[in-house]
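Several structures are given next for inspection.
Both of the next two complexes hold chain A, though its partner changes from chain B to chain C.
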Partner chain A sequence: MDNLLLLVDAPVFSLQLLIDGLLAGAIFALAAYGMALVWGVMNIINITQGEFVILGGFVTLYLSYLGVHPLWGVPVSALALFIVGWGVYRLVIFRIVDRDLFISILATFGISILLQQLMNQIFGADIQNADPNLGTLFLFNDDVAIANIKFVALAITIVVGALLILFLRKSRIGQAIRATAQSARAARLMGIDTDRVYATTYALNAALCGATGSLVVMTWVIHPFIGLIYTVRSFMIVVVAGLGNLAGVVVAGLGLGAVENFAGFLLGTEFQAAFVFSLLVIILVWRNYRLGKKRQYLR
Partner chain B sequence: MYKLAKTTIISLGTALLTFGLVGNAPAKVEGDTIVLGAAVSLTGKYTTAGNHTQRGYDLAVQRVNSMGGVKVGGKSYRLKVIYYDDESTPARGAQLAERLIKQDGVKFMLGPYSSGLTKAMAPVTEKHKVPMVEGNGASRSLFNKGYRYLFAVLSTSEQYLQEAINLAAEQAIKMGKSPSSVKVAVAVENDPFSLDIRAGVLDDAKRHGMKVVVDDKLPRELSDMSSTLTKVKALKPDVLVVSGHSKGASLAVRQTTQMRVKTPIMAMTHCESAKVTSAEKFGMRAEGILCASQWAPTMTYRDNWFGSSGDYAKTFESAYGYVPPYQAAESTASVLVWVDALQRAGSFDTEKVRDALSATNMQTFYGNIKFDETGKNIAKPMVLRQIQGGKYKVVAPTKWASDPLVYPRP
Partner chain C sequence: MNKALRTSLGMALALLILAAPLILPNYQTQLAVLWLMVLLALTWDIMGGQMGYNSFGNIVYFGVGMYTTAVIQRGLFFDIDEYAHVAGGTGSQLSLLDYLLGLGLGLTGGALLCVVLAVILGAGILGLRGHYFAICTLGLGIAAGEIASGWDYLGAGSGLVTPLFPETFFGRGIFFYYYFLTLASLTFVVLRYLYSERFGLAINAIRDDEDKAESMGLYTTRYKTIAWSVSAVFLALAGGAYGNLIGFIDPLDVAFAGPTFGVWMVLMAILGGKGTVWGPVIGATIFHITQELFWTYLLGWQRVALGLLIVVIVVFFPLGILGWIRERWPERFGERVEGKQ
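Now for the complex of A and B:
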């Protein structure tokens, strides 16, 4: 309650929370694009999402050790993870594409544990970050302070989102991906190599996660065991936005970031996640209720 | 009969080898060697700290052996430690304690790294009445269970940042204000260790009549502290206390500078493991932060094995190539406590050794050690080190201060 009064007394802090939250949400949205894609096209809920993000972060970190500016890590991590994603598909994922959801959740969960331990062995368990040294934007007498990297992250999210939509609409493989998502069987009949489509989709998802990880290591911190929150957040964003709705993913991502930040401020950080998940439940119940109504009309 | 025993031993040995354990089947004392047992984290999330722990033990063992070993009942014995990797998981730690005691016949245990692992192993050592001396489990909850065989050389966790509150009170008095005018912000991770720290800080804040304006518990999967820090910025407390292992420390250093959160006193744990003084990782952002430490190389304690604290730091650095963090120092001290107790007991009877441990009253390079009836060390205070010019300088308590406190922090 006191915290609410504080926001009423000094509204400038709500501006801080809002901007900061929206921009954090942009980073989550980038990973969520990938999850929406894999889920929509392959019907796989990819639990490995978070580990791909962290792996992308490590790629950027090691690049910065070589003296390269970490911002270059965004494309490099994306490329590296594209290759990793392709490899993971060829090793495991292709075996589970047509199986039920439970099998794919188990398999990707297994891969995520394996990746965590491998990263722990290779990179160590230390907390890492790569500083882009872009400074901070200060407004209103320092009361609002936003790290500039977060604006860069927003720009990247929007640009990548737009490119992704273009790619899916215009390119041959993009069209093949959409066709496969609509009906894999029909697509196969039309001569589309769906296996290739799945591999591309999965690798593309990993690439998006890689880019996200690169932004995460520049904005916050990473270590091998912190991937799960990015999986959970991607999942939530996709659930709220619905499949096949990239614009919705951006909106849901930004919204989630902002809501999370306000909840953390008002209720204390310990209730931040609890609040967001309660909200998810409410959204799902409400959506189910509306769907139920629609069904009644149809009858 | 003899043949049967031989076959059994051979098949047992083969079995052990098959499972990847090179079984050398030692007992508590083999010939002239005293065997200590330890499970430490060599893989998993505590790998870094686990390595410090093992190196601390190893250094002590080397030094004691090279200086003539442990004298028990007029005979000299060498020390040896059997290690297992607990993979940073408590369940594994408990299993390994069982194995060390039952299969390897270890009667003298050294602690693992972290309160969580110690908490998992203590019931096992207690059940088998095997004494354990540990230097890396600080949680209060280890010392309210009535354990008879657990001894800890380090200060318990609620003391970690209490001194920061007392410093704030001192500064308030110096500026002609009452300590009760001081506002405190607390942001700790939601885990037993950090909650202990919070309890200690809140106790002391209450004692001084201070107002706690922010009291946030950070989630374990913490990735962003900005909402808490926005609150700190809005409420302008005089003291900010952060505890969230190295993750919390790195985030706090990063985000307080990013957001220009300025509190005259900012105190944290795990500065060393987060490497906040590393210029390439953090620049000079950690300047003026107070870090809780169990021990510092500048302190003036000494003992016969290593000499002064500074000498210990030098020995460690020449062996391992880096300045020893307190996790290593307290591990070394645990071994020294065993040596002292075994020599005073003059016997390998675990009950006699336990009583000797319980009567410990000694100075080591790491600090004074004297256990109360719960087994925790009550003779050594925590110190606060302030980061000044990128270096750790002890500023509190006054007795051990090497430099004056820079207040407010730059």
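Now for the complex of A and C:
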């Protein structure tokens, strides 16, 4: 607990942790949009989420090797992952949409292992990152230092969130997606091609993950086996925010980022991942306990 | 097939199983791991197959049992500060009796701790259903591994060495082969007994419709906790011995080995046919043998193949081998079919 004393002695440092954490949370929220979308529309918990994020990161990384500025990687990764997501849907996911959750959760789990190992074979297991060279912002007499890319990430998250809401409200296919989420059967009766709606939803989710991954590789580091933690973060954010609540996802994402950053500092970085996964268990148990009092269950 | 032939075939198979480590002395460890695999698949199937609770976190008990056993062994006979240096050398040979005493106490301690853990965790987690339970256990398994790899008392990321196996007339491979053979057989017998009892009916009812089971007056939480504790006990006993068989406990690759054992146990159970007694046994045997082939010939691509295999089996072949046979020839499984006898 030495670090706690440090925070008391130098209060400005907790400001550093807070800002850093909130901005990190924005990146988590971006992937969580996608998870909420797939969960709400298709009733699938997509364990592959984290691997899509890392794959998006690799796309940006290799783009930066070609000499392109990594910020261009955000749209390129999103596009590339949109195609990957569409392919995965056409190959596997469409077979499991209406099956029981046992099959859907195991199948996405299998795809996640498959992608993980494929990335390991193709890109290697090294820890890599793409530096966007955007510099660092110093605040409060240089006591607080924040990498500028994190502000860019926050802006991108907000813009993408707004675009997503607009897309779901205004566009034809967006309306079809919302109709399918309400009742797939009724939507089919109204002449909506639900198969195409599912494909779009899943590909859109992958694209969001791709954009996230591109921000991740610029902000932190990636390697093929780090994906699962992003799945778990998205899941936690969606569970806390509730389905169909995009603003809630942003708030929960920022909160998670801040909490995680403080915990990582207080417990030591070696326990940060342990903290994230333990937090998941704690959140679920706590929510279930609360629902249990009302005689309801999380299902 | 007449009865005499069947009996003699069974006898021959039993003899082969008993003599296997003597016939193939170079493969003793692999053969011991085969029985470990059978045990893993069987214990996963209690929750995953018979009760319909998709757990990715059973590896927790494997790891906790392994660490508890090693820590008790270490605490009984060694000075903790010196241990890491001594056990690497040859100066710290235990006598056979001491070793067995340490191992026995360690395994007992591990099993007890895991039951307590299962009851405590179960109280919080077993109320969750479906997706939530699956993701929660997934998080649990990884959290345990991450905690172990940061905890200095357990050797943190650099792992923990188990006491050396004493030099006697039989080797480590032989000892652990028969240990795992006994343990896997015991698991099989116990599970078959439990499934034939009220317990089996109760957990099947939970799988089919938990709300109905509860409204019929079953104490579902109690049955779920028992089911989890049973798998915890056997996993702890297996984990403790596996740590000693390997001789070195790495927190992420050996103890809380989510990407290997944690995934394999799920795959083996569904490959053989979840929800049957023999399914996990068959699945584990086939998987272990084919996996050895993959290791030899695919060089690095075996894990890719593993992921592919899971997807293909789950999507196209969810009943598993035994489930498929059962659907094809139900009369062989004691189900009455009209038109046949």
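FYI, the second predicted complex is superposed on the first by the 261 of 299 C-alpha atoms of A that agree within 3 Å, B and C clash if a C-alpha of one lies under 4 Å from a C-alpha of the other, contacts with A are read in each partner's own complex, and residues count from 1 in each chain.
The rule we apply is simple: a residue touches a chain if its C-beta (ideal position, glycine included) is under 8 Å from a C-beta of that chain, and two chains touch if they have at least 3 such contacts.
All of these numbers come straight from a predicted model, not from anything done at the bench.
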Practice task
Examine A:A145 and indicate which partner it touches, taking first as chain B and second as chain C; both and neither are also allowed.
Solution key: first
Practice task
Please work out whether A:H223 is in contact with chain B alone, chain C alone, both, or neither, and reply first, second, both or neither.
Solution key: first
Exercise for the section: Mind working out whether A:N288 is in touch with chain B, chain C, both or neither, as first, second, both or neither? Expected result: second
Practice task
Tell me which partner A:N261 touches in the superposition: chain B (first), chain C (second), both or neither.
Solution key: first
Exercise for the section: Using the touch definition from the top, say if A:A273 reaches chain B (first), chain C (second), both or neither. Expected result: both
Exercise for the section: Have a look at where A:Q121 lands relative to chain B and chain C in the superposition and call it first, second, both or neither. Expected result: both
Handout entry: Residues of chain A that lie at the interface with chain B and also at the interface with chain C
Key = 117, 120-121, 225, 228, 268, 270, 273
Problem - Sites on chain A touched by chain B in the complex - result: 3, 6, 10, 13, 16-17, 20-21, 24, 117, 120-121, 124-127, 129, 131, 136, 138, 142-143, 145, 147, 216, 220-221, 223-226, 228-229, 260-265, 268-270, 272-273
Exercise for the section: Quick one: which bits of chain B touch chain A in the complex? Just the residue numbers, please. Expected result: 43-48, 187, 190, 215-219, 221-228, 230-231, 233-235, 246-247, 249-251, 254, 258-260, 273-275, 281-283
Handout entry: Complex contacts: residues of chain A adjacent to chain C
Key = 45, 47, 92, 95-96, 101-103, 105-107, 109-118, 120-121, 225, 228, 232, 235, 239, 268, 270-271, 273-274, 277-278, 280-281, 284-285, 288-289, 292, 297-299
Completion exercise
Per the touch rule, the chain C residues reaching chain A in their complex are 52, 54, 56, 124-125, 127-132, 134-136, 138-140, 142-143, 146-147, 149-150, 156-157, 259, 263, 266, 270, 300-301, 303-304, 306-311, 314-315, 318
